[in-house]
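Below are two complexes that have subunit A in common, paired first with subunit B and then with subunit C.
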Partner chain A sequence: MNVLELRGVTRAYEKGVNVLDNVDLTVAQGEVIGLLGRNGAGKTTLLRIAMGLLEPQGGSVSVLGLDPRQQPLDVKRQVGYVSEDQTLPSFLSVTEAIDLHRRLYPGWDDALAHELSSRFQMKSDQKLKNLSKGQARQVSLLCAVCHRPPLLLLDEPAGGLDPAMRREFLETAIQMLGESGTTILFSSHHMTDVERLASRLVMIHDGQKWIDSDLDDVREGYCLVMIPADSAPDSAAILSHPRCLTVRRRDDAVRAVFELEPDEALRVATGELGLTDARSMPLNLEDMFIELVGGGRS
Partner chain B sequence: MVEHGTRHRVERATRKDRNMLFMVDPHSGVPIFRQIMEQVKLAIAAGKLAPGDDLPSVRSLAVPLGVNPMTISKAYNLLEREGILTRRPGRPLMVADLPEAQLGAHRLGELENLLRPAARLARRLDIETDDAVALLRRLLTETEES
Partner chain C sequence: MIRTLWKHHPSRNMLAIKWLGMSASTLITWQGIFTYVLAKGHSVDPWLLALGSWFIPALILAVGPFEGRAREFSLTLPVSGRRLWLLHLGTLAYIGGFMLALSMGLQTLVIKLFAAASDPMPAMTEAAGYLDNLWLHGVAWWLILLAATVSDRPHLAAVARDRRWLLRQIATVLACGAGLILLGRIDGVLAPLAVAAVGAIWLHQTWRRVPGSLLLTDLSVSSAPRRVSSEQILRPLPWWRRRPFWLVVLLHTSKHPSMYLVAAPFLALVALWNTQWAPAQVGSEHLGFFYLGITAYMVFTMAASPLFRLAPLDAWPVSRDRLLACFFVPQLLFMGLAYAGGEFMAYHDRDSGSEPLVFNAADHESAGLRMPAHYFHLTTEEPAAITAPDGSLIQPPGDWHVKGLPGGVTLYKPYYTPTGSDIDLVAWQLERASADIFDSAIPAAEFKERYLTVRADGTVAPRGEAVLPLLADHPELRVRRFPGLAPLQVLIVGLLVQLGYVIYLGFFRSHVSSRSRKIAFGVGLGLYMAVHIGQFVLDIAGVIDIDSLAPATFALSDLIVSWAPGGAWGLWVMVILILWPGHLLVRHRFRRAEFAPVREGDSFVDVLG
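Coming up: the complex of A and B.
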């Protein structure tokens, strides 16, 4: 059974403007999916639909075989969710917030809660409203993982965290993977976190999935080809190659992303496409993100 | 057994130090599983890991390195497939019983990997072969003296 299954999920906030447009996503047990996309691409919408906080206008959702619309409580018991914004009542103290969750979840693990409280150096008596954004995020994370849910949905879990806190978050996620085989779907703009944690990459853009692939295949299967602008008069011809994803013109160069290894892409560029002076190079995740969904594409 | 070259100067990593043989750099442009594979090979080539030595467990490496355990498993599995590591039921993975000739080839292979980009750069900069070889010779002599 898949841990999460979205089929043809469509959601609009404004009539005719689909934030998610017919999106399919299947997540197997133990997978860690890094969800990438620009702000407004639909990452939060996708996570909220998976959590059952938002209903899709089209398509179906299944979480551990359950329908979040039909069995919302059963779904919430088995999912740990950290939202982009603070959603815990701000008048509670840290201890009270943790206590509330302990009562809500039958499988609450006190030992893990203690371990994380001390790792995060939590200020138990402080009211949530007096915490920094990062500290509040750590409380949310603790509350999301201590019932050891089989599925974690994390919306920008590292947003607002300083580098030391980000590392603690990462170690906590890795601990959950090692101890419980947790499945994780997380959105992030921190490409190094994605590279360290994710086994699979899903990039959404314009409401649709652009890339859905094993992280290492993405790292080694895509590259950037740069051609001096005067040797590449026709961007459309490059883009029409079946392995070319995007073409951008920047300054005096044409930059094209190919779904090929660098050596192969260079052979295609100089051979099939007849582009002289082309160079090809591997792409790290951050550059790939910018090349694929940054501005100035043709 | 005859020790030759500089090998006797290399200290084998103790069991406790073996976790410290590994470091990952997510910025480097090389996928993390490849970085780990390379570091195991380098540690073997440098004599820090010898045939029969246990590798650190996937779980003991994952948290300190800050890396998904599956990435480390993947690196170990590929090294096993290459015959560099051996799996025994219920025991940690260990360095395979590689013949001395193969270890020598590994050491040269590691150096070749580092020198290949240098050779490409030398060609791009139009440096004469004799000058490049002389430079390497000088660096080797300097390292020996220090």
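Coming up: the complex of A and C.
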């Protein structure tokens, strides 16, 4: 059974502008998926729909075999959710916040709570409003995961944290829980985090899923082809190739992303498309993200 | 530039309806307490009565959220610290002046109205004589308060709202208030001018202390937090140390949790005002029915405002039904307790109401049997004739056409005693009236022997006072309650709140902007207030007549109870059955609502919630 299934999910906030447009996503047990996309791409909306906080206008959602809108409590009891907006009551002390969550979640694991609190070096029982941003996020994470949820949804969980704190936070949340079989779907703007922690990458752009692939396949299966501008007068012709994802003009060159290995892409460019002086190169995740979101959709 | 900074000043944007409303409401309470004390025949220092309008806005200005002098953004601009400090001073003068003018203006109006009444209270008349002094000295001491407030660490962009600050501000208000009490009775403009001059000099001296650039914080450091072990942090709390879940929800969804402390007395007051006890304290026991609009307003405010900040709770495994209950049940229980307390007092406080039965002799301008109008009966036709024990027919007149009810409804007194009635008839009618008014009847024979006499001319007259001391003479006697009132009040308030809540929940979809929701909230509150005020406007316009409509609601409640299968309990069941579909609709809408997080703004519209 898939842990999370989205079928043809569509959601708009304004008429005619779909934040998510017919999105399919299937997440199997134990997967750690990095969700990438620009601001406003629809990542948060997707995670909120999965959590049952928003209702899709089209399509269906299934979390652990349950419909989050029809059985919200059963879903929320089995899902851990951390987002930048998901603030805990600031007037509670750390002890009170943890105690509250212990009562809210039936499967609370005190051993895991001890492990996390030691790892985070929680040493003071202050009110949450007096904690630093990083400390508060650590308490949020502890509260969200100590019931050992089969599915963990993290929406920019490390946003605003310094690099050391971010790494500590994500490694704790994702590596530690991922190793114990928890399925994790996390959104991030930090490609390095995704490259380091995720096994699969989903990229959303303009409400649609652009890439959904294992990270290794992404690294090996996509490349950038650069053609001097005067050799590639017709961008549309390049974009019409079924394996070309985007084309954009930058300075004196046309840059096209192909869903092919570099050698194969070069053969296509020079052979099928008849482009002279083309050269191809592998893409790292960050470059691919920039090329994709900066260019046109095939 | 300065205009823009002024427009977005952190303190200026806190001048929301709620602060003005709180100022006005507190003043009304203050006024109400004094009026009650005066009505009870106690003496009140009129100066103290007048001073309420100064103390309340002064306290709000001193401890309200007006400590922000400049935003961090403003500090980065090439604007001098002195200019920013002056901007804050101007803002406080504007906010404070507005609140003070509103409060003192309202107080002046009330005192002058009472003083000009046909039967003025002496304390009010005396208080009216202090009004000129109040305005002059009040403004002067207000300037001192302002100077004291802005002189606190003037180098800071915002003073921390810590305990030290709070104590200082309260002490300042008390000191200024003491000055006003001591010097405020001095006539003439010289004394207030001298006080104002001190305030102006103080402001000038403070202005000279302001540095070229304001600072975010000063050099003070707090003590390090106490270190504890993770075992201590993770230990389960005993039940008595846990906050109730509903309280966590209410506090977490409130922008200003301290508002609950202010709102709670008003909730209680509103509930009490719906009983027959609180209105009876001011001699209008039948007026409670005309405060249902304001009751709905309070319930809606308390239950609707948390929705703005519900998003952070939405991921918790807590059902929407439970969250909905958190917004309604505590306040309804609180109001229910206050209501029950009021009804208990009405039943047991024998001093709260005056003796209800009066019998005036024939030569009196209001001859015959008199009783409070809410014990009258209703009819849509000619009142039914009554057969007296001697077999004669008595035709009660249709005393009062109820303007505002359809079908030509008339209030009449079924215990009518025509002029020239003999003592047997009067005693018989008094017995019947007592059976209607009290929980047990007083026999006609007792009326004849103890309370009535026959004059030489053959007319019947009271033996002593016209007001028959029945409650005084019969300690076991209790005034009858109207069991149909509470369910009808619950029905009307329930329907009003359900209607508003169902419509309002429609705004909680992710495509609806936060601004639209806040405007809808404001409009909703306005409509509830319009329901409340509208009754009195219709009364003034002559469309309805509250004087007859108010007692008619009592008689109507009795009629409905008599019609309802199972009496009052049956009526309660019917009310629950009527409200149940609305409750289901509210639940359905609440379950479907989307509470996406919103960015908190601080515009006028934003602070409505």
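Criterion: the second predicted complex is superposed on the first by the 285 of 298 C-alpha atoms of A that agree within 3 Å, B and C clash if a C-alpha of one lies under 4 Å from a C-alpha of the other, contacts with A are read in each partner's own complex, and residues count from 1 in each chain.
As a convention for this text, a residue touches a chain if its C-beta (ideal position, glycine included) is under 8 Å from a C-beta of that chain, and two chains touch if they have at least 3 such contacts.
Here the structure is a predicted model, which means the values were calculated and not measured.
Novice: Clash or fit: how do subunit B and subunit C relate after the overlay on subunit A?
Specialist: fit
Novice: Spot which of subunit B and subunit C makes contact with more residues of subunit A, would you?
Specialist: Of subunit B and subunit C, more residues of subunit A lie in contact with C.
Novice: For the overlay on chain A, what angle lies at subunit A between subunit B and subunit C, C-alpha centres, nearest 10°?
Specialist: 150
Novice: Does the superposition put A:Leu170 against subunit B (first), subunit C (second), both, or neither?
Specialist: first
Novice: Contacts for A:Gly178 in the overlay, against subunit B (first) and subunit C (second): which applies, first, second, both or neither?
Specialist: In the superposition, A:Gly178 contacts subunit B only.
Novice: Per the contact definition in the header, classify A:Gln126: touching subunit B only (first), subunit C only (second), both, or neither.
Specialist: second
Novice: Just to be sure I read the superposition right, which of the two partners does A:Ser199 touch: subunit B = first, subunit C = second, or both, or neither?
Specialist: The first partner, subunit B, only.
Novice: According to the stated criteria, A:Thr10 is in contact with first (subunit B), second (subunit C), both, or neither; which is it?
Specialist: neither
Novice: Going by the contact rule set out at the top, does A:Arg219 touch subunit B (first), subunit C (second), both, or neither?
Specialist: Only subunit B is touched by A:Arg219; subunit C is not.
Novice: Figure out whether A:Glu96 sits in contact with subunit B (first) or subunit C (second), or with both, or with neither.
Specialist: The second partner, subunit C, only.
Novice: With both complexes overlaid on chain A, what's the closest CA-to-CA approach of subunit B to subunit C, in Å?
Specialist: Shortest inter-chain C-alpha distance (subunit B to subunit C): 22 Å.
Novice: Using the touch definition up top, name the residues of subunit A that touch subunit B in the complex.
Specialist: It comes out as residues 30, 32, 167, 170-171, 174-175, 177-178, 191-192, 195-199, 215-216, 219-220, 282, 284.
Novice: Hey, which residues of subunit A end up touching subunit C in the complex?
Specialist: Contacts found on subunit A: 12-14, 48, 51, 53-55, 72-73, 76-77, 81, 83, 85-89, 91-92, 94-96, 98-100, 102-105, 110, 113-114, 117-118, 122-126, 130.
Novice: Subunit A touches which residues of subunit B in the complex?
Specialist: Checking each residue of subunit B against subunit A gives 24, 26-27, 29, 31-33, 58-59, 62-63, 66-71, 74.
Novice: Can you tell me which positions in subunit C touch subunit A when the two form their complex?
Specialist: 225-237, 242-243, 245, 248, 251-252, 257, 311-312, 314-320, 510-511, 592, 594-597
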